[in-house]
Every structure is written in C-alpha cells, then in structure tokens.
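What follows is a pair of complexes built around chain A, which joins chain B in one and chain C in the other.
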Partner chain A sequence: MNLRKYLTLTRAGIIESLQFRLSFLVMVIGNILYLIVVYFLWKAIYDSAETDIVNGMTFTDTLIYIVLASALFSFMEMYIVWEIGRSIQSGKIVLDLLKPMDYRRYLFWSYSGTFVSQFFLTFMPTFIAVSIATGGAIPLGMNLLYFAVSVVMSVSINYSIDFFTGTICLYTESIWGINIMKQVIVLLLSGATIPLAFFPEPLKTIMYYLPFQSIYNAPLSLLLDGNPEPQKVLITLGTQLLWCIVMLVISRVFWKISLRQITVNGG
Partner chain B sequence: MKTTMKRKGLIFYLRIYGKILAQDLKSKMSYRADFIISTIGMIFTNIAGFVSFWILFRNFSSINGWGYYEMLFLYGFSLVSLTPVQCFFDNNWSLRQYVYSGDFIKYCFRPINLFFYFQSEVFDIKGLGQLAFGIGTIAYSWANMDLPFDALMLLKLIVFMLTASLIMISLQNAAAATCFWIQNSFYVLDLVFRFKDYAKYPVTIFSPVFRFIFTFVFPIAFIAYYPSLVILRPDEVPILSWLSPVIGVIFFFISYKIWMYGATKYSGTGS
Partner chain C sequence: MPEIIEIKNITKEFKVLNRREGLKGSLKDLFSRDYKIVRAVDNVSLSIGQGEIVGYLGPNGAGKSTTIKMMTGVLEPTSGEILVDGNIPYRNRTKNAQNIGVVFGQRSQLWWALPLVESFKILKDIYRIPDENYNGMIELYRSLVDIDPLLHKPVRQMSLGQRTLSDILAAFLHDPKIVFLDEPTIGLDVSMKAKIRTLIHALNKEKKTTVILTTHDMGDVDALCHRIIIIDKGKMLYDNDIEHLKGFFGSYRTLKIRVGEDPEKQAEKIRAELPEFSVSADDEWISVLVDEEKAKVIDVLGQLQKTHNIRDMQLEEISTEEVIKKIYEEGVQ
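Right after this comes the complex of A and B.
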C-alpha cells in the first residue's frame, strides 16, 4: 500500500476545506450558540433535580459528555451518504469506479483532509473551551491516550455504517430519507443525544450489544474516567475493535454484492 | 410592470399555487419509493425526539418548574408550528444550488411574484406526518392537564400556531437568502435548522442576556414558548405572548424583503 497517494488526497482535502473561510466562521458561531444552549438546558435540568448526581453523572460530567459528543459528530459527519447517493443519481459513480483506487478507500481518503481541518478547527477548540469552562474537570492522564485510540476506531465504525447506508442508495433512489433514518438511529442509540447512563434498564443492555454505542459512548466514557480499571478499558476498546472489523467486512461485502445493481442512465 | 403585478389578487395566486402543486405532486409520485422512505424517515425523527424527551423525564421530574405534560405541550406546539416551513418553504434548501448553477434566472422571467413562484414550486408532503404527530402530542398532553377546552381556546391555539410558524419561516428565508452574497449558505441554513430543536424548551432556563437574544435577535422563543403561555398559563401571560402574532408578521416581512433584495441583486452566471 502506497501511503503517498492517499496523503495527496488528504492534502487536497485540507486545502479545499480551508477555502470556505466564511462557512467556517458561521460554524464557529453556531457551535458557540450551541454550547450556550446546552449549558443552560442541562443546568436547568440539574437544578430541578433533588440530587447532584443522577445515574452516576454530575452536571459537569453530563455537560462534557454532551458537548464533546456533538463536537465528535461535526468532526465525523462526512455526508458520505449524500456523496454516494448523488454520485449514483448523476452517474459520476462510473468515473469514480474507474479510478485506480478502491472506491471505499478513495472516498475515505478524499474526506480525510476535512477530518484534519475539522479536528483542529472544531474539536480542539471545543475541547479546550469545555475543559476551561468546567474548571479542568476533564482528567488529564492515560485516559487521553485511550480516548485518542478509541476515537480512531469510532471514525472507522462510523465510516463503515455511513458507507453501508450509502450503498442502500443504489437500490432506493432516496437519499434524504435513508440518511435521516441512519442519523436518527446512530445519534439516539449511541448516546450522543442523551448519555447512555440515562437510559432505562432493558434498553441500556440492548444498546451495549449494538455497534452504535462504540461510536460516541465508548470514547466519551473512557475520557471522563480519570482512574480507569485496566479491565474496563480493555473491554471497551476490544468491543470497539470487534465492531470495527465486523462493520468493515459487512459494508465491504454489501458493496461488492450491490455493485451489480448499478444502472446508469446514459452518460 | 410593477403595478400590473400588484393588481393580481389573492384568488389568482391561490389558483396558480394549486396548479403548480398538482404538477409537483405528480412528479413526486413517480418516485414512489423515495416518497415512502422519506415519510418513514420523518416518522423516525419524530419518534426519536419523543423517546429522548421521555428518557429525560424518567430521570428528572420537572425542568425549571415545568412539568411533564406542560413540556410535552410545548414540544407538540413546536412540531405543529414548524410544519408550514417544512411543507411550503422547502425549496429554500435548493436555492443555493439554483443560484450557484445559474438556473435561478428562470424564476426572474415570470410575471408573478418571484418569491411566491420560487416557494410554490415544492410542496413537501413529509411535513404532514410531523403535523399529525404534533397534533397527537398536544391532544394527549391537553387531556392530561385538566385544561378547559372550548371554541375560543381552539381559535387562540390556531391563531397563535399560525403566527408562530411565521418565525421559523422568516429565519429560514433569511438564512437561505444569504446564498445571494456568500457561496455556501448550507452552513447558515443548517445552523438555523439545528436550532429549531431548542424551541421546545422554555426560554426562562436562560440567563437574561440570552433570554434577550433568543427573544429578539434569534427569536426561537416565539416558535413555542411565548405563544404557548397563552394556553398553558392563562393567568400570567406576559405582554410578549400577546405580541407574538405581530412579531411573527414583522419578522416574516423583514425576511421577505431580505430575500427579495438578494434576488434583485442576482445577476446570473452569464450563461
């Protein structure tokens, strides 16, 4: 595997995403507004509760969890379903398939530049802001390393799910509907909307057996735990690795089978 | 030219709308799978919204003095008042593509109101699922709150919902219109679209500064909170609640002017 050709795509992606400086500004304003709303909302919620700790989470825990979940979301959301869907509708997919690179890889690496710029422009500032706003409530130790490893696997699982969902567009000619269903399922069942700890019992157990919690809940719970037991870390990361492989295989196989379905009008 | 355009009455526009709507529905029906999947997607969104709401209230019995059914009412109210923007103004999402590709010029050559013609081209049926869901939520919470129900209440509810819907329409119009000046207005639209989710919380949870911002600058508090007070807390209705219909109309007018101003500045792509 020649890494150089992939990194070229990454570089192009960074340059491309830095072109839209105004949209970047809008995004920053949006994020600040969002942080404010989330802060006040959860503050009001916790003020109304009788206890400081609900389901093992304090107000600051919940705040960090929710805010970083949304930062992770804007960092990981690559609009892959739209990209694949549009390519299918316009017929551009044929040109992409002719490229001397596997389509799944090509798509990932051409978006990897956005990853890099989003990481530094959205995720890091949010992380620092939340860390300062909560008075250094994010523990700084080995958990940061676990978190980093975990996020890498989150990206992989998330990409596999996106690619799988995008492949469905080969059959349905519906992009919006398919994408919104995926988004709703992933955001709710991964704990990105409401921390997993708040879910009622049978639901919580079911969610731990699904791949979605590995995307948001796994890295975030690793980050918030300042003194993690080695066993817990191993189980969390192991589960993630398992889902990485399973989802990778499923999305690849599904794509291979579905490619036979392609019909492009004219071109 | 301008005077003849003014003379065309409401009846004329309603007739035109009916005709364009029929064409749009016909073309939508030819993509039946897409229609069905999108409707299911919309139902998914509403169910997920409800589930997260329910989970929240399993852990906390009230938020800022607002009980479960009151919050549910606010939620239902916001769903209903967000329906018109979904149904009638969905073409705003495509505006940036028309402007970018130059196709927008086709709208400029019709002898009818430009804004009207552009918006009338798309009717989004998915919104009707949300409407049904919202009405169901309101009815359910209403029945559980011992609120009186009579013709006057219903009239109030409808009037305040309609005017509340103008707020989101205005925000979206203004956000979409930014594409006449900047290249990629998607982020602006997406920002506004994301914030509608926070309309369902009482504005009293914010500190005074942000209460002001969410009331007058970025008026999401008028989507559900202020108008709902008229129904929910009839004894302590603030003046802003009574004013909310007026504010809705004013914001709509401003956004219409911004949109039209952008459109008149549009010079095409030259092809």
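Right after this comes the complex of A and C.
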C-alpha cells in the first residue's frame, strides 16, 4: 500500500515521457551523431598505435564499451540538478515540499518513470544492436544478472551525487556552472567517456577509490566479462554497495542540514 | 467553533546580504559578511476557527507569504508559537501536508503534460485518498462545475482560468482541513473570477474547509470573506469582521477624470473646489476619493463638469492599498 504512492509517480513519469515523441527522436539522432564521432576518434587512435591491442583492449572492445556507456548515460542522466535548481529559482520547490512525502524520495520517484522508458527505448535497442553488429562479442550469461544488480546500484549512486549537487543550488542560487562541473567530473572519472584502462597508473588507482567509477565502469566491466572470477564480481558489487550507502547518507544529511538552513533563514 | 490555527506572537527575521553597487561592489560582495536583519513578520498573533474563510490582505511585501509559509511548515518562525490542527508545522511538515491544500495563483502543482484526471489519480495515491472519498469528491466537483471537458485535457493546453480552476479542485481533493489560496483570481476575467468565487464558497460550505485567502482583489474579499486580517510591514493592522471595515471603504469610490493639459495644476483647482475630498493627480488622471455618505459621485461629477472640460472618466472601487492607507491615517474604530 505504501509503495503505491511511489509507483503512481513512476507511472506518471512513463506517460509523461511518452508524450514528447519529437524530443525522443531528436535525442536518438543526437546519440547516433555522438557515436559516429566516437567511432572515428577511436579508429584514429587505434590506427596510429602500433599494436592491435591498446591497454589490454581491442578496437571492438573499446567501441562496445563506449557505445554502451553512452547508452547507459542517456538513461541514467536525469537532469536532477537542473530540476532542483530551477524549482529553487522559480519557487516551485515550495509546492514540492508541501507534498506529504520526503522531497528526496518524491523527486526520485517522479523521475523513475523517465528512467524506465529510457531503459527500454534507448539502452535495450542499443544493446541488442551492438550485440548483433559485433556478432556476439558481448557474452550472454550470468554477467547479465550481475549487470542488472550493478545498474540498480549505479542509479542510486548517480542519484545521490545529483541530489547532493542540486542541494548546493540552495546556497548558490545558480545552476549552470555547478551542473557543468558535476557532469565533467562524473563523466571523466566514472569511465563514461574513456575506459578506465586508458588512464595512467596513479590516476587509475585514485579513481578506483572514488565513488564515480561505480556508476559506469562497474556495471560495464561486469557486463563485458564473459566468465569473471567470483572474487572480482564480489569486490565490484561490494564496492558499489558501500558507495550506495555512503552517498545516500551524505546526500540525505546534507539536504536535511540545508533545508533547515532554508526554513530558518528563508530562501 | 474549534480553533484550527493558533498563532502566538510569531516573528520571522531574514538575514539579507547588504549588496553594494557597481562591479567593484559586486566583487566585494563575494566575500562580504555584511548582513542586515529584515523583520518580515513582526509579533503577529491570530487564531482561526474550523470552517472560516479569512481574507488575508496587505500590500506586496507586507509579509503575507511569509506568514503562510510558516503555517505550511516551509519556514520556521524566529520566535513565537504556531499550531496548525495541533501540529507544529515546521517540525511535522509531512504530517501537516496531509492536512492542508495550497494554490499559488501563478504556479501550478499539476502535472503539466498529463490530462487533469491523471494528476488527480496521482494526488489520490500520494495523499492515500480512499476510493470512496475520491469518487465522492469527483461527484461533488461535477455538481459544482462542468469538469468533464477538463478532465481529459492536458494541463498545458488549458487556459489560465481553467488551470486555476483545476488547481483549486486539486487542492481540495484530499479533503484537507485548511486550504491556502494565494491570489487565486490573479489575471482572470470577470466571469471566471465569479466562477472561482462560487466554487470556493461552495467547497467551504460543503466540506467545512477552512480557507485562507490572500488577494489584492476587493471583489474576492467581498464575495467570500466574513473576516479579514490586514498586515503591513510585518505588523498586524486589522483583524475583524468585514462589516466593520466596510465603514472604511464601502462608501468610498475613486472618481478618475481626464481634463487635458497639466493635470497637476487642474488638480490644485479641484482641491480648492472640493475641500472635503482627497485629490491626487498623475501624468494623465486626476483621482478624487469620494465619500458617498457625504456626496454622490454623480453630483461631484456634475459639479466638476461645470468648471472643467472632462474628456474621459473612470469609476473605481477603493483598492486594498487605499484601505490600508486610510487605516494608517485614521486608525481603526
């Protein structure tokens, strides 16, 4: 019964996102253009390299990774920072705060619908297309299950980071710069634009200790590994779970403190 | 009548950064700790009973929204006590939210891309409204306004009037004990205003909902409120029956005339001719505040017409601002 008030928001989100066919089309075209650019970029990199395998990855490996990362991005990026920032600027946040629901949850579930529809409309087709085009280069086995579990946690970590960044808008009252900064940091350090294998050694180690790699690198490396060692799966998922909890707590506490600030000092 | 809102001596202060002028000043502001304290609400006490419709008036920036935000729990008062249906709103915001409904005239809480009925269904689940109550409410709405054409229309395609109407219906949907209406008739035409007033009146009567109405439109107040509260510069100026206040504005009309060249000079003359009324002028119009208990507007106009070449005229009800000005000048008795 309690779940119902959240699922109704998911449902509304799905219907809402299906209302705008044209924007969906534009997004698909944008994605294709991005992929074309990426294709030639990496082709040039591999052509100029002396060996077929760069940093332990073949051209096909890299391409599959990048394509799936961008597909993952298109459904994971919910523009929460924009949403929070805009509703703070316009004052709409007051209406959202007056819903009989925790704001953090309210916002998450409001966006979960877009999420579901993007998963089926962008990620799944891309995945199937890549799978067929590469002639079964993506293994299909237990790794799919690991991937599914991993993506759920990615979503949670990503949301916490977004929500945390959005909360900063309560203080700055501007969104643009903060959002751009967040996006660059997340996209670079998470392995969404360049596979982590390509980073130099000390930086790579640092990145493994940051939460960002758990968003893109973790699910993708689980997906692309046909028969992973159980130990590796455990470590990857364990790290994700840890970050899930840590980021959840941090973003919740920061929001609580900030909101108190607002109710005391006015916004 | 049991009390539903109980406010004792609340004060709300905001810390505002002292902004400096120019580029240099803006750069300095980045590091400035130079705050000034602004008192938005100053020692206000009031109590509101179940089922009342209260008009909450005051000029822009008087502290109306701040008071309402404190009642809804979005803001915490700096000092003083506030109880809404036994809850302290800022401590139990979520619980308090279940008891209240809000309409802000310029914003919509509805799902912009969805048909109205979908928004209603979402609200039904969010507020956990039982099927029975929900259906009853829709039936009630159906008997009051013609909602069927609206139900399947996406909110973004609605006119402002339809949207406001829908927002009001949405605010009442979970049968809250209190509904806050912040300028619900702003920007609407006369017939829509009338429709919305009738609707609010009917819902208040049917559901015994307490309504707190903020407005600049004396028509709203006249049509709906028995009691009004006036606030200015954070201080409460008036809290009593509307009948009581009628003495201040009921018999006053503003007669505006246009007499061609140099209205200031002309106004000077009129002031001499009509010493018992206050006369003011702007670039175009000369306004005469006529007390109808002393003289009929038509007689004043007739008298002015003899001595001035009147090209155009308008008749206006006294505005909230003028009522407040009069209360300031003459006090309340």
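Annotations
Just so it is clear, the second predicted complex is superposed on the first by the 261 of 267 C-alpha atoms of A that agree within 3 Å, B and C clash if a C-alpha of one lies under 4 Å from a C-alpha of the other, contacts with A are read in each partner's own complex, and residues count from 1 in each chain.
Following the convention adopted for this analysis, a contact is a pair of C-beta atoms (placed from the backbone, for glycine too) under 8 Å apart; a residue touches a chain by one contact, two chains touch by 3 or more.
Small disclaimer: the values here were computed from a predicted structure and weren't measured.
Taken together in the superposed arrangement on chain A, chain B and chain C fit without clashing. Once the two complexes are laid over each other on the shared chain, residue contacts for A:Lys5 go to chain C alone; chain B is not touched. With both structures placed on the common chain, the touch criterion links A:Leu97 to chain C but leaves chain B unconnected. Centres of mass aside, this uses C-alpha centres: at chain A, the angle toward chain B and chain C in the superposed model is 80 degrees, to the nearest 10. In the superposition on chain A, contact of A:Ile15 is made with chain C only, not with chain B. After superposing the two complexes on chain A, the shortest C-alpha to C-alpha distance between chain B and chain C comes to 6 Å. Note: residues 20 of chain A belong to the chain B contact set and to the chain C contact set alike, using the contact criterion stated above.
By the touch criterion stated above, chain A contacts chain B in their complex at residues 20, 22-23, 26-27, 29-30, 33-34, 36-37, 40-41, 43-45, 47-49, 54-55, 172-174, 176-181, 184-185, 187-188, 193-194, 198-200.
Within the complex, the chain B residues that touch chain A are 31, 33-34, 37-42, 44-45, 48, 51-52, 55-56, 58-65, 182-184, 186-188, 190-191, 194-195, 198, 201, 205-207, 210, 218.
Residues 1, 4-5, 7-9, 12, 15-16, 19-20, 90-92, 94-95, 97-102, 260, 263-266 of chain A touch chain C in their complex. Every residue of chain C that touches chain A in the complex is listed here, in rising order: 12, 14-15, 40, 66, 69, 72-76, 78, 90, 93-95, 97-98, 100, 102, 104, 107, 109, 111, 113-114, 118, 121-122, 124-128, 154.
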